[in-house]
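Consider the two complexes below, in which subunit A is the common component and subunit B and subunit C are the respective partners.
Let's look at the complex of A and B:
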């Protein structure tokens, strides 16, 4: 299944920002907890040291002056509870005698910190040790100072919530940014695709559209493919030209011999056969010619071999060329051209279009009629009209007649390949022009060819 | 008229020559450019029919030399190469016209007439019968000093009659000469053109007779 690059990119960017958001949340949460714990431990340790220093020995007893200022400072950090225990030797002198001792008993005034569950709460304890002299004997004394950390927890939780919100915000901001970035990255692909898409159906020139380095292999592959296609088309054209040539000479011999035999034959049955033979040879020659023209038009259309030409001059030249064909049927060609009609075009394509239109008009016109050919400027276009008094296009749609091998329903008695109008339409399209066929008022057909002028 | 036919395919050359001779033309054949040069050196022709692909060279090169030497004989190129580019080429190198193989002889004759007419014509193409003077190039018929223009089919029809004066020509035969083989022909088509030609011949001693059931015949009183 095809996967959209854009979608994939967006998803990856979003996944990345989700990971970043979570990491941000975790980092803020752990960092905040660590920071507040270190601060509070410092205060707790200082308070425990303070207490230990206040241990007094008097009259063989041990006294402690619990500093109320220290306690209120500890309690001020939220609603924390304070626990303490002072041991001298193996005896608890004051405080909670069940407050757990540290695993490793400290040996100096440097506090040891640990966390233990006590009275349904987690208690953080700082333990310090010192020696006190009782009746000339040095006795070890241990001071434990504990503090719940519920207030600190809630502050840390709130901080973490804010961090979570920030993470979410980062993630939300990442969505439009990812879409934007993805679109920016995909844009060269889109514009390349559009450039290829915009080409005419016959444009087989290599793609020269600027593309990012990563797309160059694709463009190169595309151009190689186009090159191969063009080569195949050109070979086809050469092949058809050769084939047409090799068919035409024997056809000419066949036709000439048949015509000679027809002149000499007295039997009407044989003459009829000879006529059919000649018709067949003419059909074959005509089809070969039209196929060749069609291949030429297809091939030239993509070459865009433009040169400065005069449409008026071309119309006159092509019409004059077909004069003999018209004369055979006593058809008058009436040529009205407004000159000059300068255009940029492929003379071969335009010649093919003009010849096929005029040839068609002559072919489908009855004897002793007139075919009117005119060329003049209409705005930016040259308009070439070929009007006949022939049988018209009948019930067929003009669009249908332009299709390959498609002929009108009213022309079965006239030889034709069904390629003539296709050639005209394709040549016109390749020149950026337009070809239309419609019924002429008062009978007959009007062919209109529009070609852009320069 | 005298033709020089330059064509290397022997069968094709034979059939073209036979067909032209049948209409009363003289035809010299050349199978190569060298032979063509020999013929041109020895005789003068009204028209050259030139094939493009010949064993000793390209007909278009011959054309260029022909034009460079300022020889006036008109040339019609007969080509089997029907590619549009070839057609454009042939005219560019100085051919008077070209015709694509295979061709209709009536069309070849029409093209020959058109070329000769453009080139100022040859007076010896005029033909006479009784008090008629017929100029196929100018497409005119002169009856007792009165000149009448003929349409193309009338010219062809009159030529057919003048080639066989006094002979009965069947309707089918005339149809074959007047119409292309791929064109629909109505039953009375020949009658129409015979009637037109008779009208153009009004006032002449020559006339076209209907031989009932057989055809038509050109006679003179």
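Let's look at the complex of A and C:
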């Protein structure tokens, strides 16, 4: 399973801010320490030079005024400890005799700085060279002035800690920010997915949802795929329609011939066979018709041809057209249509739906019964009810019956393709309506088709 | 060559003295004899710290305590050179205490005891002031004529001495900075703070001023009338005497304030007990008891806010300069030159 984009983004942003805060800490720590060291070295060097300038030769030997003010100031920043040593020749004149000497002898102008451990502390020392004339000989003199740097270090450490705190704050702030950013980045993908998800099952139009540039390749690929799918689908449907059409014509010829033969045949056995042949041809023609209907519905659902229609008028027309079939079984078609029901829809689709409902009702009704057909307005919808006294839907769920090539368990003796209810349901859905099938009180089935009115 | 010989003599002297050990003036022991005592080494007479120590022992009956008194030099030597295992060192020699702390011979004091102390009353967490006392001018009876007002600045003091040279001839007393560590510290601070110090030294020299090792001797001579003026006398000694004998004056151009400081040496055996004792000294109760014993104000920043002429001697490594052998030598030469007129 691939890692979630959002999680990856959040982790990367977090890692970045963690690295940044560590870098900030290190940079401030090093920077502050170096900057303060440079500054304090400059002060220490100046103080050492100042002290060296106090070296004087008098009758008694070498004298020096150790400047207490300078010591105070050197110690003031961070309460440092002060050490010093004054050497003339090889002799320590004053100060700490054990204060370590520099490895490199300083020149007269540039102090030498070095750090040594001394009396349990790290001491930064500035060494300055001078020469003094004692009894007509020039003697080299060395002034060492040292200070601890604990205060400076603690100030630098505090600065660095503050920087680290800041970095930590940035890091913590990065969590919600990166979540927010991740959500913002993922949102177009989500909305695109939602737009595709929201489409009807037959909606194969190209995706026109606005998408960021980065997602355009995906959208283009998706659209190309949809295009191919549509091509394949329409090819299949065209093929089915063609096939159904091509089957219907020879079937009709076959039926006519069989009927002629029936009329002319004397043998009862042959007549029986011919009747079965005719019924078989009828069933085959029906199935072919339904296949054609189904293909039409699928095609139309995609590219509905909307026009102003009157549902009431259509119900009446379809019922009348099936009158002959009903009469053959002595079924009374009772049509109750009171008012015009104007709607906007695809006449072919709605007609296919109506034809299949009524045809079904006739088909599953026993002889000498009544099929009641009514159409009226309920709120914004037109409700078309087709009720029979047939065998009902049995134990099968109505939803299941609406699926393609599904038939009820109680209809094995009646020929059928299992497409009729599918066509009705698909047509209803394409028109924004609804189809329901339920058992009728007192036996039989009630089919309810709801279609929006204009 | 001369210097080498001098150094050798010094070393010899030092080793001789080290062999003998540092000199003790007083050695007192309190509390249960079998307990390990908290050892305090101090320059301060026990009398002055008696109230606070008594209260501490009452509060800690199981604790025993040894109180050793020595001069400031000896106190320094005991710790710096002999590494004696004292637990608390209290000394009025700020410079020597500073040197002990600066040279890494002190351990940190309890942080909570230092909290709230003004910056001038401590150095790092190693050295803390437990008492402050002004360095004052004392005028004995007869120093002033009936209509004269006592001097309030060094300038006025100079004028008084100059105008009445006969009256003060041989009757001015001050520390001998060559002998007394405290005297040298005061003189060095005086020289730092004002130019009048040198003129004062000249005037005192011209009038054959007497030089003393200690405040107490000066006060004794003032009481007997041998002296009329005592310059740079420790306040605690001056206050200890009745005000009737002489006048104690805090000069208003500035009055140095000496800090008695305490530290815990690295060589301490009872660092815990020492920290506890210092905590007690710095508590409000402890400060009040020290103030009662010394007759001096406790360490409080407000004292300096109220009396702007009070200058605490800065407790920082600047004090090391006063200890520098060569610097000291130069200063004393200059001072002698001022005091001794041809």
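The criterion applied here is as follows: the second predicted complex is superposed on the first by the 434 of 454 C-alpha atoms of A that agree within 3 Å, B and C clash if a C-alpha of one lies under 4 Å from a C-alpha of the other, contacts with A are read in each partner's own complex, and residues count from 1 in each chain.
Keep this in mind: a contact is a pair of C-beta atoms (placed from the backbone, for glycine too) under 8 Å apart; a residue touches a chain by one contact, two chains touch by 3 or more.
Because the structure is predicted, anything quoted here is derived from the model rather than measured.
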Margin query: Quick check on the superposed pair: does A:95 touch subunit B, subunit C, both, or neither? Answer first, second, both or neither.
Written below: second
Checklist line | Partner chain in contact with A:344 - subunit B first, subunit C second, else both or neither | finding: neither
Notebook entry, point to check: In the superposed model, does subunit B or subunit C contact more residues of subunit A?
Noted result: B
Note to self: Once chain A of both complexes is superposed, is A:245 in touch with subunit B (first), subunit C (second), both, or neither?
What the structure shows: first
Next item on the list: Could you tell me if A:262 is touching subunit B, subunit C, both of them or neither one (first, second, both, neither)?
Entry: first
Margin query: Applying the document's definition of touch, where does A:72 land relative to subunit B and subunit C: first, second, both, or neither?
Written below: second
Margin query: According to the stated criteria, A:313 is in contact with first (subunit B), second (subunit C), both, or neither; which is it?
Written below: neither
Notebook entry, point to check: After lining up the shared chain so the two structures overlap, which partner does A:352 touch, if you call subunit B first and subunit C second: first, second, both or neither?
Noted result: first
Margin query: List the residues on subunit A that touch subunit B in their complex, please.
Written below: 241, 244-246, 248-249, 251-257, 259-260, 262-263, 268, 271, 275, 278-279, 281-283, 285, 288-289, 292-293, 296, 323-325, 327-330, 347-348, 351-352, 367-368, 413-415
Check: Touching subunit A in the complex: which residues of subunit B?
Finding: 9, 11-12, 15-16, 18-19, 22, 80-85, 87-88, 97, 100-107, 110-111, 114, 151-153, 172-173, 176, 180-184
Next item on the list: Quick one: which bits of subunit A touch subunit C in the complex? Just the residue numbers, please.
Entry: 60-72, 74-76, 79-84, 86, 91, 93-96, 119-121
Notebook entry, point to check: For subunit C, which residues are in contact with subunit A within the complex?
Noted result: 2-4, 101-104, 123-124, 188, 192, 314, 316-322, 324-327, 329-330, 333
